[in-house]
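Next come two complexes, and both contain chain A; in the first it sits with chain B, in the second with chain C.
Moving on, here comes the complex of A and B:
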């Protein structure tokens, strides 16, 4: 019977191709638009490190002055140099990393490649293991290099190919801001979305990873300024870079790895004790105020999925709703016009349930075709979003669950839209219809 | 008018009325809010910066070898830039309007304040920024060469007092209603040690490096001040203004002048003010395009729904229409009947839609930090939907009017 209904359905759809095309198109547009918007939100709101996101935490400490303090304010997003060095030295947690942005110059010495600026990071060797950074050649520098601030560098695959072609540059020397650095490794394509580890000052949630990485202490020794977000409080700094390091300026992003709830609780106690200790030393004039957020909480706190994206998604689903109501109207028109046919079937003994089944099959067919149209439109929409919205190809991509969800959304929408018209069709009185023939 | 028969017909066809009214209501709610958001974005993206945008650009350079005497290099660069064909003004500065990178500082108006009065975009310029950006001075005087304070590498900013030029927006914010702002004092930061700034001039507008910033600092986007600092640096930024039409050539010439093979220099950014604006508001314009497209589609879908339903009703009532025509109704009467019917059904949708629009607005407003939906926008949406409804219903109504009176007598 189902196959018969399927045949009836497709035939009926073919009988009125204009109306059918209109329904399929409207459904497709509604589904395509809402799935495009949803995919963007899904990608931006995704978890860049699903297996570890509950173990990576960002501590925040409020080192602001008493003036301007409002209870309930969140501490700054980044840490000062003083706090960073203290936290690194205390070594609490399973692993820890400090990060700040650089923009040094690279001089390849080649005539065909004049010196250029390259975005980089000052960090510790733990960066690569905490964030599972894949290596193409070589590896990260060692703990000794961290401690001594050695002149070593890890570079991206893109930079390596630009400078050295396809060869493995491990062990070669690279001139950065007029000093030689030994290349210890090359990382393979690595582009977490969203770029969680440096939400602030690094080009935003959708941006490339940096192209060179040098030991944190080396960058400090070279007096490289932060290329990113710096927030100072508490009056005039002492002069020079040394004065900047001593100031209550927050410019370093800090992560700590805490494997379980006990470690988190322990770390909170540590932060509380640290706050009290610094207070005794004359810093941290405000009442105790610190925060410890895991990766997902950190992304939410920084509103990676911004209000524009959320709004677009809401509006897109509103659009789908209008499309649905529209399809209800069109199906109503279509089914009503077939009162005579229904009357005959009913008079020949078909139950109401049979009529419902027949027309539901027809709406499922519409839904399935609408879903395919919707998929095509989503691909088109995502290509546009990639190109003009996110500025990079291949970011907004649908995975298999999303593909399935798109078709399912179309079919469910069609069936929902078909409920009322189908019910109305089943109410047709055979006698009335036959009489008016 | 035949309102009563129309109403009683509609009462017998509640499903159809519901389908059309629901579409109209949802469409109105979405369209009114989208109009509002789009207008807000476009207004922001086109907000005057106070800058002579067609004739200004910035060029920044860096050093890959240590610089011995940065001040001397800067003086030589500026002399070279000013000698380029078509260049009228050039200055060393720390940041550029709409370039999305720069400094903010908190200012207060009284030393006893605990909180800053506002955050201000802090422009440092060695020569006249008013000239280099083509700003309009509305009160007092521009900063003069004698005001300039030199800051060597590694030195801190000087302690006050020093003269500043501020924007009218800053005056409006910290001294509301003040008509004589010249000579007024501001303080950098808060507390007894805050540096004193004396206002010597006011410019009509000077947008911040961020335009309107989402994170609330200087959130109107034009609270700025200019301080007369010549800060030595090995990576200077220059702001250059040219004669009309000379900018593109001047940008090329400036790059060739500042960055030569082997001179130890790296080019940072060489961007025209036009490009900076485009980059700053690209995402907003994209949002406008996206929302505009969705609204357009939405209206098309709604119109097609109205058209479909009107056609259905006409088809169902062919006989009744024939009877009416046979009883003396003119073609115009029939068209008027269907247009009135559509007007009423759309009207029901609009009434519900107005309520929905305000509900949606309450959500959107808190999300985007917008004001309440202005009634004018709702009015535009209402008129638009009524017009679209009438247009969509016209074709079926006209078809109905062509039904021959003889239809009434056939196939009974």
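Moving on, here comes the complex of A and C:
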């Protein structure tokens, strides 16, 4: 009977194309709007490294002064240079990454390409393996280069194409802030969303990955200032960059890989011991205060999905509800107008359930078409969000589960909207209808 | 085939109570052609609706083909209606966006017949009413008489034992009405029990038996022939 009802449903919808189009559009708008908002929230709230997110941790240490201290405050989001170097040196955890932002000048030496600033990162070789960065050519620098602060660079595919076209630049020289760097590798398209590894000072959770990566120690040796967020407490005892490095300034993002619960517990003990040790050395005046958050906790802590985004999503689903109420009204009108047909069918042997099935199938057809329209409108909405909201093309994209969810939402919405009209249709008194025909 | 004993039907609103049928007794035997007459508002249609299981009754007993219908749920009533009863309405009640084939197909779908059997039954039913060549036409393309023939084909397609007709010629001119009546007589001759509500004494006269309803009760003219009843009415009027 399903095919029969499907045939009847499509025929009924064709009979009144204006009403059908109105219902489909209302449903499509509701679904499109809500799925656009949901997709943005989903993208922002997604797990960029689902296979590893429970193993990647950000340690936070409270090195602030006693003045202004409030118990329960969270430690700063970033670490000082002193703590970073200590943690790197102690080598706890399976792997460790230190990151800070740069904006050096690149000189291609080409007349047609004047020198330009390029956003980059000073980091450790472990960055590439910890975050599964894909390489198009070559590879990351080695541990020795890390240790020595070698003049090596990894560049993005986009920068490579800009500088060298389609050729493999591995081994070639690239002039950065008047010094030559050897290109050790080119990373392929890589754009984790959200940009979890550098939420602070890196252009936000929805921004491009950097185009240039140099060894951490090299950047320090070259006294490259942080191009990002820096939070200092207390004064400096020495002037210049050397003084900055010794100051209680937090500007380095630090990550540690801890493969299991035992490693996490061990690392907490280590941080506690480290805190106590630094206290003895005259630092960390506040009571012991440190945190260790895994990747997902880190995203939540930084409110990557902020309350505005959540509110927008709720409002969008509220709009869908309003749309559904409208569709209910239209379906009621449509089904009421078909009381005569319902009466005839009941007289000819249709049970109430058969009437319910017939009309529900019709609402499913409306829902399916509404879903397709909703998909189109979602794509349109996401394009607008990309262009004017997030500022980055192609970030707010639907994956297959979201596509399926859009159509399913439309169908479920249509069925929900159809429940009351269908129930009313099934309650039609055939005798009354037949006499009034 | 159809038996009602002390049957009553009361319509209630919060203000008034209307007795559409009261102490209604009737027994229609297998193969009979019964005409039901009576003035407007006498309860003819209510009787037919209850007979066709389209309405519940308030009290009494109703057996169709020996099966008591009181207390049957919607599924059982719908099945009985689908298998044993065919309907013909004054207004034809075609489904306008289905062609003749699909209109006749409706009760067969609910009966659960497979496609080949449905096709055979539809073609046979439409042939029987002389419209086999127009099965792809839509109701709006037919005259009233032809639409009523399709309604008869639809009613007959499932081989019902009982055919309930509510003013089947009420919307037809006399020539078409005659044709439909002849068709009903032919169907009855082939064994189908027919109960026909009509205002038309001439049509009622052609039935084997007449039942007259007044104020929701079967009058004592049940076994009188229609012409005699007309005469009797005249005599009653003269006495009054």
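One rule holds for everything that comes next: the second predicted complex is superposed on the first by the 433 of 437 C-alpha atoms of A that agree within 3 Å, B and C clash if a C-alpha of one lies under 4 Å from a C-alpha of the other, contacts with A are read in each partner's own complex, and residues count from 1 in each chain.
Following the convention adopted for this analysis, a contact is a pair of C-beta atoms (placed from the backbone, for glycine too) under 8 Å apart; a residue touches a chain by one contact, two chains touch by 3 or more.
No experiment lies behind these values; they were computed from the predicted model shown.
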Chain B versus chain C as contact partner of A:262, first or second or both or neither: neither
Chain B versus chain C as contact partner of A:344, first or second or both or neither: second
Partner chain(s) touched by A:319 [first = chain B, second = chain C, both, neither]: first
Touched chain A residues, chain B compared with chain C: B
Which of chain B and chain C A:332 touches, first, second, both or neither: first
Contacts of A:68 with chain B and chain C, given as first, second, both or neither: first
Touching partner for A:281 - first (chain B), second (chain C), both, neither: neither
Contacts of A:400 with chain B and chain C, given as first, second, both or neither: neither
Shared chain A surface residues [contacts with chain B and with chain C]: none
Contact footprint of chain A on chain C as seen in their complex: 45, 49, 52, 54-55, 74-75, 78-79, 81-83, 87, 89, 91, 93, 95, 97, 106-107, 109-111, 154, 158, 166
Residue ranges of chain A in contact with chain B within the complex: 19, 22, 26, 29-30, 33, 67-68, 103, 105-107, 111, 114-117, 177-178, 235-241, 243, 306-308, 310-312, 314-316, 318-319, 321-323, 325-326, 328-330, 332-333, 336-337, 388-389, 420, 424
Partner chain C, residues of chain A touching it in the complex: 1, 4, 11-12, 15, 340-341, 343-354, 429-431, 434-435, 437
In the complex, chain B residues that touch chain A: 15-16, 19-20, 22-23, 26-27, 29-30, 33-34, 37, 62-66, 114-116, 154-156, 159, 189-191, 193, 214, 259, 261, 266, 268, 282-283, 286-287, 289-291, 294, 297-298, 301-302, 304-305, 308-309, 311-312, 315-316, 360, 363-364, 367-368
